[in-house]
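Chain lettering (A, B and C) follows the sequence in which the chains are written, and residue indices restart at 1 in each chain.
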Amino acid sequence: MQGSVWQKLQSIDRRILYALLLVVIIVPLFLPIRLPTVTMPSTQRLYDAIESIPPNGFIIISSTWSGGTRAENMPQTIAILRHAMQRRLRVAVFSFDVQGTQLSLDIAKRLAQEYGYEYGKDWVHWGFRPQAEVVMKSMVRDIPGTFDKDYDGKPTKDMPVMQGIRDIKDVHAIVEIAASGIYASWIGLVVGVNPDLKFGFCPTSVMVPETYPYLASGQIVGTMEGMRGAAEYESLLRKPGLASVGMGSISLAHVLIMLLIVIGNIGYFASRGRRS
Amino acid sequence: MEQLWQDFLSRPGIYIGGICTLALMSLIYRENAVYRFFEHIFIGLAAGFSIVALVKNILDPFLYRPVFEKGEWYWTFVFMFGLLFYFIHSRKYNWLSRLPIGFLMGFSAGQTFQIFANTYLPQLSDSFRPLYVTTPDGAVDIARGVNNLIFMIVLVTVMSYFFFSFEQKSRAIRNSAQFGRWVMMVAFGAIFGTTIMARMALLFDRMYYIFGDWLRLVR
Amino acid sequence: MLEPLVRFFAPKPLSVIPYYVAGAVVFSILVVILLINLPARARKPLIAIVTFLAGLFYATEFFWPIDEATNKNFLTDYLVSASKLGSLLAGMTLTLGILSLLRVHGRNVVRLRSGWYNSLALLTAMVAMVIFGFMDKYSDNATAKRVFNVLFEGMLINMDATMFSLIAFYIVSASYRAFRIRSIEATILMTAAFLVMLAQVPVGLALTSWIPRDGVWDFLRLEVIKEWLLTVLNAAALRAIAFGLGIGSLAISLRIWLSLERGAYFEKEI
């Protein structure tokens, strides 16, 4: 009888596990868990980098994500755009992903309205660009030539927002929000050419550990680490959003998974002990 | 009922999105006909969107406008070259698709030299870290010195794990590789931990969409 | 010597564009006919030459010395054109799978195979997205824009997000069933994972928030431990792995550029 208990601990029905997961995710939506976040150094560095850009500085935001990772990348995009617009920087947005183009355009339009940003004068959306490496290589030397049209096919050459922007040396910062390893191409083709350029990266949580070697060498100035990073950035901006709301649910989900792993191992060791 | 209908008419996308979300999530109970039906709709929408994206984001700005508005007629050759991709569906002339594929692969390969130099040389120079570190006011920073030493030891031992060109007979190299293996487990544990965060975030987003955006039970 | 060629390929007045485009199409078709009739033994060398020339552009642009005064070499001015060429060419791969989809699902519907209604739903969704997608871009019809919004934001984006969110359930189930401490490596992996997981959520951070910051014992705070794990151990380990990957990718790229690569795709008879 006792032996079967340890076996049962190792083989809880998956539907019970799924139900438990749904409960821990849904309950905090109705009973919020309000705990203070601690801002990680990497998030603070990204925030400080954007803060250090002089007024009317030029920032490029590359929004290379799609609907599948919107949970993490959307709050990151909103946070970075908000910060740029709060600081009255000139903003250029584009994407190497077809879905990301439309999604970032919708977000930028909404925030532009909120901050009184005028299209063409304060911000521009360059649309979709496939084949990232060739675009990056070209934009280092000639930004107006590479992005001669906006998302709607209108010429960008005479837009006030693009005045004085010839090549990468005229850009103060680039922030890439992505769910892929595209940061390596940015570092290899753009950042390496102009070490004064601040390059920020907002990855999904999965990719966070692999960015640390580049944080250490200074090739990435700062990161927003997934949804948690977005929540930290929202608290730095004092504008809580979806990421901040989600931390309660995600906290409990983490605790659940750790408990389940511990339970499974207790069952494993106990049944191994009984067999020996 | 009338109120529900009015609400649906004012935000049909949210209602339909909610239904689609629940239909696909039914998979977690078991594979079923409803899931399969909506899965096919999803694939159809994605395929249709790729066609729209091709015309709207590629052919219009990179072909039609340069050719018919700026007179840059030579882009026609590039378009015709790109059409060779579609010979991939031909059993007899399949090899023609290798021409544009080879071209794009060559394009990417040619840039690897610069990417390698700009990515890894700074990484290499950052790896040689000082063991004697002082703070701005001149005091010895023992913690940073120790951390730098640990960093370099870990780097070398993990690299030694990947020496496959010769048999690791020497005990020093075998022990070094074993230690490197253990340290790699720390990195993989960190990756596992952050992966959990990513997946839970995706699920949270869906639950917020259902209970917040759609049913408006949560603000 | 190149002057006539440069003049021929220069932008032309819009009135003669249709003729030049038609000529380019006819010429391209003739080239394709020529390629089709190429002897089989000439195919692989031709592909190798195309691959090599494509890579030669960027490799030369990187290695060729730049003029100090202008900060560029003779190829730098062509980077923008190369990027447009690459974008146009790469963009045309977006719809490569459509023909297969149409073939498979079209056949299902026409022959009323099992699950034909699913295939019909797929084709209907595809056509609807195409029609309303074009109307959203090229017409002012408000209803069409609304329908496109429903199809894209309401359906496509939400379904994409839902598909990815299903992984959360599987990762819970897989972690619970498979994560067993059977070895030293597994113990280290699990310890690191637990520390990182606890330190990245407020509930976990609250466990050590009582330890004073900047005090003697602040290294026991979870976020400090996590930061140390990631910046020292993790960064060093992944950097070492990245060096190996970097050298490997350089070698592979060189092999692909010079058409030395072997394997199922490269060695297949064409």
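The rule is simple: a residue touches a chain if its C-beta (ideal position, glycine included) is under 8 Å from a C-beta of that chain, and two chains touch if they have at least 3 such contacts.
Computed from a predicted model, the values in this text were never measured in an experiment.
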Remotest chain, chain C as reference, centres from CA atoms: A
Looking at every pair of chains, which has the largest contact count? B-C
Between chain A and chain B, what is the gap in Å from one C-alpha centre to the other? 12
Roughly how far is chain B from chain C, going centre to centre by Cα mean, in whole Å? 8
Averaged over CA atoms, how far is the centre of chain A from the centre of chain C? Could you give it in whole Å? 18
Could you pull out the residues of chain B that touch at least 2 other chains? 28, 49-50, 53, 57-58, 104, 107-108, 111, 114, 116, 119, 123, 187, 190, 194-197, 200, 202-203, 205-206
Touching two or more other chains in chain A are residues 18, 21, 68-71, 98-99, 130-131, 133-134, 137, 205, 208-210, 213, 216, 225, 228, 250, 253-254, 257
Give the residues of chain C touching no fewer than two other chains, as numbers and ranges. 58, 82, 85-87, 89-91, 94, 152-153, 156-161, 163-165, 168-169, 171, 175, 190, 194, 197, 200-201, 230, 234-236, 238-239, 242
Within their complex, chain A touches chain B through residues 15, 18, 21-22, 25-26, 29-30, 68-72, 98-99, 101, 127-128, 130-131, 133-134, 137, 149, 153, 184-185, 187-189, 191-193, 204-210, 213-214, 216-219, 225-228, 242, 245-246, 249-250, 253-254, 257
The chain C residues in contact with chain A across the complex are 58, 72, 76, 79-80, 82-83, 85-87, 89-91, 94, 152-153, 156-161, 163-165, 168-169, 171-173, 175-177, 179-181, 190, 194, 197-198, 200-206, 209, 223, 227, 230-231, 234-236, 238-239, 242
Taking the touch rule as given, give the residues of chain A at its contact with chain C in the complex, in rising order. 10-12, 14, 17-18, 21, 33, 35-38, 40-41, 66-71, 98-99, 102-103, 106, 129-131, 133-135, 137-142, 145-146, 205, 208-210, 212-213, 215-216, 225, 228, 247-248, 250-258, 260-261, 263-265, 268-269
If you look only at chain B, which of its residues touch chain A in the complex? 28-29, 49-50, 53, 57-58, 60-61, 65, 104, 107-108, 111, 114-119, 122-123, 125-126, 187, 190-191, 194-198, 200-208, 211-212, 217-218
Residue ranges of chain B touching chain C (in the complex, touch as defined): 12-14, 16-18, 20-21, 24-25, 27-28, 36-59, 62-63, 66-86, 88-89, 93-96, 98-100, 102-114, 116, 119-120, 123-124, 127, 147, 150-152, 154-156, 158-159, 162, 180-190, 192-197, 199-200, 202-203, 205-206, 209
